[in-house]
Every structure is written in C-alpha cells, then in structure tokens.
Amino acid sequence: MAKKKQLLPLILGGLLVVAIPPFLGGYFQHVLILIMMWIIMATAWNLLGGYCGQVSFGHAVFFGLGAYGGGLLLLHWGLSPWWGMIVGPLLAVVISIPIGLVTFRLRGAYFALAMLALGEAFRIVFTNWVPVTAGAVGIITSRTWGAEKLPYYYITLAIAALSIYVVYRLVHSKFGYYFVAIREDQDAAEGLGIPTTRYKLYALIPSAFFTGLAGAVYMNYFAYIEPHTVFNLSAVSIMMILAVMLGGAGTLWGPAFGAAIYTILSEALRAAIGPISYLVFPIIACLIIMFLPDGIIGDWEKIKRVFSRQKPVYVGGE
Amino acid sequence: MTLFGQTVITGLLIGGIYAVIAIGMTLIMGVMKIINLVHGALMMVAMYICLVLFKSFGVHPYLGMIPAMVILFAIGYLLQKYFIERVSGVETILPESQVLLTLAMALAITEIIRLIFTSDYQSAYTSFSAKCFYLGDMSISAPYLLSFGIAMVLVAGLHLFLTKTDLGRSIRATSQDRDAAIYMGVDAKRITNFTFGLGTALAAAGGALLLPIFYLFPDVWHPYLAKCFIITILGGMGSTVGALSGGLVLGIAETFGATYWSPGYRDVVGFIIFILVLLFLPGGLKRIIGR
Amino acid sequence: MAYLDIQHVVRRFGGLVAVDDITVGIEQGEIFGLIGPNGSGKTTLFNCINNYYPPNSGEIIFKGIPITHKPTHDVCRLGIGRTFQVVKPLRRMTVLENVMTGAFLRTSNVTKATDKALEALDFCELIHRKDMLAKDLPIADKKRMEIARSLAGDPELILLDETAAGLNPREIERAMELVKKIRDKGITCFVVEHVMKFIMGISDRMMCINFGREIARGSPKEIASHPEVIKAYLGEEYAKGKQY
C-alpha cells in the first residue's frame, strides 16, 4: 500500500479546509457549512446503502430525530439545543434499532419503500402531535454565536471528518467485508455464517447516528426546525441518495464528492436562475441514473472513455 | 350508529377510488417487477389536465377524465419506452436505480407543474361538489358516490379486458412468467410499454375522480403514492382483485382512523396497516383470497 | 448416531412433495454421493440441511446437535459449509476478498483472515487469480472459489452442489482431485451431482433418489447396476432386461 502517496493529498486538503475559511466571506462560509452537513449525511447513508446494499428512502427519519432531540429538550425543559448534539443522535440510534429489526426482513425495493413510508409517517406524527412536538409551528431557538459562522463550520468539519474516518475503519475491517457480502448476495452471505440481520443493524446504527448528528447541527445552526423541513422526503431523504449517486455509491470519498458538487451546484443555480433550480436537480438526477449510475467516481472509467473516444474492453464475463 | 355507518360507507367509497389508482400500479408492478414511483406524479398531471379543461372549457372532471386518460397513457408509454427501459437490467452498485429514476422523474414532473401552475391550491368546485344524499340519518357525499360508481365501472371494464381480450391475456401472461410468455409469442417489450401506459391511464382516471372532492396542488400525490403501495402490498403484488379489496380495506380503515382517532392521522393508519401486513401477512390479502 | 443424521425429512412446496421421507446418515470422513434425475429433490434436501427453508417434518442432527430449525448462519458456524448449484460469487469483490469473507467466520482480524484466505486459495490452486474480480472468472474457477471460500471457514462437513456441472473433462478431473484432497484433510463431503464420472469416481457410499424418495443405496458399483437406478434414469425398458 502506497500509504505515503495517499496521505499527501489528504494532508494538503486537510490544511486547505482548515486554514482558508476564516478568510472567506460569510456567504461562502455558509455554503461550506452546508457542504459539510451534506457530506456527513451522504457518507452516513452510503454506509448502509452503498456498502451494505440496503437502500433507504427514509433517512430523513434520523435527520429529523437528530434535530428534534435538541428541539424537544429546549421546548420542554429549556435546555440548550447543544445538548441535542448528544441526545439527537442517540435518539436516532435508539429508534433505528426497532426500525431495522422490522424493515430488514424486507429485501430490495420493499425495504426502500418501507423506509419511505416511515419517513412520511414520522413527518405526519411530528406535525400532528402538537403537545409533544409543537407541530407545524416548529421550534425556534437563538444562535449561540449570533451571526458568526466560523465555529459552526469547524464543528461540522470535525464531524464530517469523523464520519468519513469511522466509515473508513469499518469498511477495512470484518464489518466492511460482511456488509459488502450482504450487498452482493445475501443468501451466500448467510451460507458463509454471516448473521445478516445483525450486520445490517451494525451498518444502520452508525448511519443513523451520523445522520442524526447532522440533524442536531442543523438545529443549532439554522436555529429553527419544523417537521416539514427536517422530515422531508424529497429535500432530505432523496437528496441524500442523489448526492451519493452523483459521487459514487460504495466508495469512501464518492459521497463527500457528490455532496460538495450537489451543494455548490444547488447554490449556484439558485442564485442564477431562482426557483427553476428545483427542477434542474431532478433532471440532473435522471441523467445521472441513466448514464452514470455508479457516480462520477464509480463510473470514472466510463467518463474517461467518452473523452478519449476509446472502445470499451470487456474482461472475462460481462 | 349513524356515525359508524357513515364512516363505513364513506370509507368504501373513497376506497374504491384508491383501488383504481392502485390497480394501475399493481398492473405495472406485475409486468415490470419494479416499483414505480412516478405513478403518483402522473396522477397529479392528469388532475391538472382536468382542471385546465374545467377552468377553460367548463368540462366537468368526470368527462375530462377521458382525454386525461388518453394523454397520460401516451406519457406513460413514452416514459417507459425511452427512459425507464434504458435502466432496467443494467448492473449498478445501487440496485434500485430503476426505482430511483421513477422517483427523480416524479420530482421533475412535480417541479414542472409547479412552475406552470404555482403551488397554489386549486379546485374544480361545482355546485355538485357540495351535494349530499341522505340514507336515513347518514349523509353521503354525492361526488364520492359518483366517483365510486365510475371507479367500479372502470374496474369491471378492466377485468373484462384482462380476461376476455388477447391483449389482456398477454399482459397477464407476461406478468406471471415473462420468459414463458415470450416463448409463446408475446412481445414482452411491447406489452411492458403498453401496460405502463395502461396503468398510468388508470392513475389518471383515479386522479380525475378525486378532483371534485379534494384540493389540487403540485405535491398532492405524496400520500396517494403511499396509499398505492400499501394497497399493493396489502392486496398482494400483481393481483387486481387484491388491489380492489386492499383499496376498500384501506379506505374503510383510514376513514375510521380519521373519524375516531384524528383527521390528521389519517395517513398514519395506512402506514400501520403497511407494517402489520409486512410483519404478519407477507403475501398480502391475495394469500387469503387465493387468487 | 451418524455424523450428519437426516431423519425422515419431508419438504413440500404447495402440492408438490420435493423431499419425501428421506433418512440417511453420513459418516465422518467419508465422501457421500447423492444422485437422481432432474427434479428429484437433491438440491432441496441441501437447502433443508442449510435451512434456507426448513423441512416440513423430520429432524436433521449434526454432531449430535439438532440443526433442523437453526438459522442458516448458525448451521454454517457449527461447521457445515456449502457450495451452490448456481454459483453465487460475491461479484464485485476480488477472489481474495471473497475467500476472506469466508475466513472471517473464525476470526475477526483482517491479517489472520487474509492468511487463512491465501491458504485456502493455495489449497484450491487458485492463488494466481486472487486479485481478479469474482464476476470476471470463468465458471470452473468460480466454482473453485466457492469451495475455497467455504474451506476458509474451517468446515467439518461440506455440501457440494453439482460441482462438476458445466465443466469440461479436464476440469472435472481436477475437481475430483480437489474433493479427494478435501476429504484427506479430514473434511466430510456430501456431494450432489449429475456428472456420473465425477461422483462415481470419488464417492465412498452413494444414494439415489427419485421424486424425493430413496430408491437405492450402496457403493458406486452397486448403484451403477441397480435396476431401480437404471429405471429412473433410462426408463423401464432398459431396466427390464438389457445387459450392460
């Protein structure tokens, strides 16, 4: 392993993301914070969806729970939403376990759908259960550092780095092999002694944790949450998947890459053409699914071929 | 007692309309073996078509349903032939790319509609919309009743089509065993494209039937898509009888939930049924009915 | 009690009885062959042992432990390995990664798993393919990889499902050598097969089934000349009188 070679761009990149932001304007810092948040969510989703093959259309559940962890603490006990950074992800994890135990009986698209239904169910419950959740009115708080964005940036940066590191360690361990085995052929995996439901849970828990953590950060940074936004199907659950697909599912850096591109594109389009940008994304998504289904990193070979006009070579059996 | 009876009847009526939309989806699922998430959005498009016909030409949705069905048949056919077909069978890391594509299409279609019509709530309100029949003490909404009637006519018509015509039988054959159907001379590709169009037309019909009853806005399809799936799972994949019974069951259950629990939780009832079916009745009602 | 004791196993699918009251005991260290015409229930029996679906009635006991209703991964953990009639490679992993996945059954350490995997690959003479993607392998090597993958988990009994199907004569001979090597290592082999040369050449004892029921049992020689077996494969005419 050329470890030294791999480490150098990582260190350089690390220095850049740490050192440059203080010199950027408030808006750019805001965009960077968004990028970091999406990196966390995309990386988290990718662990369960890209590596373990369990495609969830309802991860907004964990994002929303993460956000409401802090929100509920504030609403009922007047505690600072920063406590939500612990309670939110924990809440997401605790709820993820019964969810997994029930939904992991389902394969493929049925699992995806069950998670979608769950996301919507949570949204409806949180909208209607007013005495507990404040309903559609939402929960509002004040920002700890006022208009100052840098602290939020460094916090999300740290969490994003942590999430990638955790996924890296998991993927290069027995867990990683077992996850991919489940993805490739669940029956073969069982036949090799892998307790598949248990290992799917092992993928779900960190995934729920970090998605919840992103939600908790959202609560603290945006200082306002309501069910329609944090439990949203298209803006949260589906966008997570698209960001991962854009960069490349089942790769370590694909999700981060996709998240960055998605956020920058989203902001740029919104500035340039206004509300039409909401249309552009699904269309881009369609194009990606049709032409680059393994993402920019996954389909890198395909992209290179287009530009160098080579004929594809098929090895062995295709 | 009156409330109970009214709840049952209203539930049945709305369930019948749900059934039409769900049958469209279960037909598609049976033949294509994929989850079709653009079904709801296409239903919504049909509703807007009916709305335009109503607002510009005074055509009542029950009549506007026909051109809407034709247009949506064409749209569905084209979407399947030129977009969804491209993605089927391609090996990717994320196995659900077909499903995702339909969802992305749904979102794109929703945004296009939103750009044209804005997010404003609209309705095709006529004096008919408020009319009620009275059965003893129970009040039954006239649009519900008429929509249900038309829905049942459509379901019966579809049943005849599937059992008595060659095309219908080809569809059933492809749905049961694609390869066997091909060996029997069925052009599975054409049947798949046709079925997608047909299923979408049914969704269009369902949407038109809903228009006199509910408000219309671009995101209106979200809960209906969910209901379709619940009904499909509840009734059993690919079973039209199952979709009909599933639709009626869901309609009644939901209305009970709305009446005795809370209107806001209406959609959660469906979700609960969904989970219960997945846990305890994996084959759906089809298992019990035996069809 | 036999090493792997199959007692009165019945498995139905709706109206079809795929396995109809099969009783057989596999002894430790032997190669036991199971043959029968297509659709006779051989793979179904394997699937029952592994519990991909449980038998409708009957018991399966391994090393004295009842495994009839244990989940598949527990059955594997107890020491029963399995290859599949239609190969199931973990397609987007390399050959080495495939076999490592099998090795992780007995260890959690990546380095140890790698060593075990390399050992298994070496045993199966597949080490030259270790970095190739599983989906790019030719069929004979895919089957070999499946065996290596199972072996990496240190099984005590291995279920080999139609290992020789689709192989050319040279590959069949190499496969026979491999199975004998596995038995010599002390691993019991329960083999299901269609290719007569393969199974007759390696089995210590054999059984023939048809329509889910046992029709003959004995040594390969006895089976080859057993009238019921000939009838099942070639029809009554041949069984009745023709000499071979």
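Letters A, B and C mark the chains as written, and numbering starts fresh at 1 in each.
The rule we apply is simple: a contact is a pair of C-beta atoms (placed from the backbone, for glycine too) under 8 Å apart; a residue touches a chain by one contact, two chains touch by 3 or more.
In this text, all values refer to a predicted model and were calculated from it rather than measured experimentally.
> If every chain is a node and every touching pair an edge, decide which shape results: line, ring, star, complete or other.
Topology of touching chains reads as a line.
> Farthest chain from chain C, comparing Cα centres?
So the farthest one, by centre of C-alpha atoms, is B.
> Is the number of contacting C-beta pairs greater for A-B or for A-C?
Of A-B and A-C, it is A-B that has more C-beta pairs in contact.
> Using CA atom means as chain centres, which chain is nearest the centre of all the protein shown?
Chain nearest the overall C-alpha centroid, as shown: A.
> Counting only Cα atoms for the centres, state how far chain B is from chain C in Å.
Distance between chain centres: 48 Å.
> Could you state the distance in Å from the CA-based centre of chain A to that of chain B?
31
> Between chain A and chain C, what is the gap in Å from one C-alpha centre to the other?
43
> So which stretches of chain C touch two or more other chains?
Those would be 92.
> Using the touch rule from the top of the page, what residues of chain B touch 2 or more other chains?
93
> Pull out every residue in chain A that's touching 2 or more other chains.
In chain A, residues 250 touch at least two other chains, as defined above.
> Which chain C residues qualify as touching chain A in the complex?
Within the complex, chain C touches chain A at residues 50, 52, 71-74, 76-77, 82, 84, 88-93, 97, 100-102, 104-105, 108, 110, 113, 132-133, 135-138, 149-150, 153.
> Quick check: in the complex, which residue numbers of chain A touch chain B?
Touch residues, chain A against chain B: 49-50, 53, 55, 57, 102-103, 105-106, 108-110, 112-114, 116-118, 120-121, 124-125, 127-128, 233-234, 238, 241-242, 244-245, 248-250, 275-276, 278-279, 281-283, 285-286, 289-290, 293-294, 298.
> Going by the contact rule at the top, pick out the chain B residues touching chain A in the complex.
The touching residues are 34-35, 83, 86-87, 90, 92-97, 99-101, 103-108, 111-112, 114-115, 222-223, 226, 229-230, 233, 262, 264-265, 267-268, 271, 274-275, 278-279.
> Across the complex, what residues on chain A touch chain C?
For chain A paired with chain C, touching residues are 172-174, 177-178, 180-181, 184-185, 187-196, 250, 315-317.
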